[in-house]
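What follows are several structures.
What follows is a pair of complexes built around chain A, which joins chain B in one and chain C in the other.
Entry: the complex of A and B
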């Protein structure tokens, strides 16, 4: 039990989990942003992730672009899809009971998922490729995992900077805190809502595009990833960006630990068990639901 | 009466079966301080919502600075220089006092904006609270913050909805000073809803009296206080006009 090999393996698994957590953090940031500004739980978020992954895959394969450029293309495409979805569908149910927007976004989710199944079929796709492996002490770190983590973390921090330090962020936060008051201050809240939703779907798309550099996914991936996204956001404390980041790391590590020491099939079980335990004992999240 | 800055013409508004505003017409002269009084539920706040674009009139027109602005959205009205406060105070609770003011977008460099914000905070007496979190302020200070916020739009027309209610006479005096000062220095026009008769009578050159969604009377405070219809509809008896505050229930 106490052999050096055992603890090195554990450390390796935890680090791998944290590296995956960077991608989850990015996705959760998008979910949080949309919930904060629009007060809408975007249950199509996982399908926007899937669409981002599929777009990146198609663009990378057809045009021979690097997966990282493909990620940016997917972000741009999905920002457009998000803007249109918000403008023509979600905007109509703003201020309605949450049940209405849930139903609407469920319909959007069904259309996207089944549409993608028609186009791509139920096959798994991936942009995973062989990469250099760095050895750091007892750890071996694959270059792609580190780069993907750095991008996930960097983009999450960029979003935080945008929210805290720019005039655009100020109008997003004002709209999130008090929509009517923001409007009375001269902020075009409809435009802010559209920008927030577009940004949220672009973040989903980028996390999807990063994810297929590590794993393979199929058009049904949204189903699991949206629930995972909500689990992360709730574990961290709804509306807290630091909380969501923490939640993403917890989930990333829990998943890899379960996959390594038990089976991959049990990984999702662990995620949602943690989710339930947090709901029971820390209903406002592990960070106490501090708002940003 | 000076050239009107705001003209409300034959405005009607229903909410379901409730006929809230019934063919209401009035004018607010530019650079005046005009009072809007009337019993609870007579349509004063609804009228504010119709002027600022929160509600769209069923019929009739709102003319502001010579332009038909009927049905324009609230943020457009704000950008045109129509600022308002709310009867139930609204602030961005988890922002600092200064951030609350800087949230108001205005075509001004950030340095100028900040300087203006500091000036406005000093004017209303909140200079020392600039870095405090708005949600932690006392009720009176939140009212002052909301009052300060309207000036960040560099407004031409300011609609004040019961900013004098529930605060100390000393604070009321300060708010009245600020209103008079902004009018004198910057030519801001004020439309003031309040039940505090002492304030309305002291502050306003012109008073509009609403009842059942219509304008019942209009005139100088002294005339209004002698108007029998007003006294009957609104005040009930003459003693109320002699400086006795009329608070909401």
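Entry: the complex of A and C
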């Protein structure tokens, strides 16, 4: 087991895992944002990812657009869907006990998933395409994976910048930290909640659109991805953006390692095993759960 | 009940627990809708107007319990106070100058997270934050609650000083003596009704007020 081929393969698998982690980080950022501002666990997040993926797929195929432009279109469309969902459904249960919003979003999730199954059927779609492979030392990196990772990372950092440096971000953070005080500062918290939810679904859509450049997905993908999203957010510490980023990398690597050395079916088992271990031993997350 | 706050005055609202003092402030701010009646601010009806709009008209609010944004620095908290008029650069420098000169302590701690401040400093920050838009009227709910006696004095002296800059205050306080000493006019509230009202100095002398409400 000491041959150079063995360690090179391990390194390759780890790097592949990290590259996938960039997309997970983007999705988890959306989940975190919605939880932080609305105090709502968006269990329809995975289905918004799916809608983003499906929209990007349809737009790219029908209009012949590049997958990256299609991603932006999907983000805009899903921001609209998110804004309407928040304004007419989620806003009504703000301040209610958590289980009320959970049930509501579960219903939204069912409608989106089964609606999508009606429209597209249980078929897999993908925008994956052949791409240049770069050789860096012992590693071979496919261009599309690197670009997708860079976009995931870049968009996550852009969100962080938005939250920290703009007046809009300030209004989001203030509402997340103390809603009543935010109102006393003249912030329209109803509007902020709608903006945060729309931004959250747009982030989900972009991560879904990036995901189908690497894998194929079907209308039921939301089920697994929402759980993975929550696992990532909890592993990193609920509310912590850097934590979620770390969690995304951990999950990306764990998944790829399991798929490579065991089977793909076991990958989800590993993810949720890590999730359980973190919950038991470090319930506030690997980074200690510092809220943003 | 009918209650008025004049410009450039301190009006105190005293009375026992459960008299409805906090609820009254929340109704003015638009957090809770009043069941009946009208609320006017500078002649304009603000009954049931949403809180953010009321704030935009020039009302400041310091809620009970030294409420600050814990994960923001002192400076960021003050910036949040400026939110409705954040593009007004002249106001920004004026407001920061005022708050930092009234509370030099906040200037020393301006890069510190508000969650790590002492109780007294948090109360200073809460008041300072409400002053950032140069409001015409500030509603202050129980500023002395949970503060050490020397800090209570500091807070009340500061409110009295700020009146001179042209801000009116409506002060809800359980520490009635301290409130009446700086107030121009006062209302004694009991079980949702105005029991007594008058110039604060006169109320402070009344035997009934002293015995029943001030415990003197």
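Some points to look at:
To be clear about the criterion, the second predicted complex is superposed on the first by the 292 of 292 C-alpha atoms of A that agree within 3 Å, B and C clash if a C-alpha of one lies under 4 Å from a C-alpha of the other, contacts with A are read in each partner's own complex, and residues count from 1 in each chain.
Keep in mind that, in the parts below, contacts are C-beta pairs under 8 Å (C-beta built on N, C-alpha and C of every residue); 3 or more make two chains touch, one makes a residue touch a chain.
Since we're looking at a predicted model, the values are computed, not measured.
Three-chain overlay on chain A, with chain B and chain C in a clash. Within the superposed three-chain model, A:51 lies out of touch with both chain B and chain C [touch as defined at top].
Of the two partner chains placed by superposition, chain B and chain C are both touched by A:171. Once chain A of one complex is fitted onto chain A of the other, the partner contacts of A:34 are absent, as it touches neither chain B nor chain C.
By the document's definition of touching, both partners, chain B and chain C, reach A:183.
Where the contact sets of chain A with chain B and with chain C meet, they give residues 167, 170-171, 173-174, 177-178, 180-189, 291.
Taken together, the chain A residues at the contact with chain C in this complex read 167, 170-171, 173-174, 177-178, 180-190, 291-292.
On chain A, the positions that touch chain B within their shared complex are 167, 170-171, 173-174, 177-178, 180-189, 291. Against chain A, the residues of chain B that register as touching in their complex are 52, 54, 73-75, 78-79, 83-84, 86, 90-95, 99, 102-106, 149, 152-153. Interface residues of chain C facing chain A in the complex, by the touch rule stated above, are 29, 31, 50-52, 55-56, 60-61, 63, 67-72, 76, 79-81, 83-84, 86, 129-130, 133.
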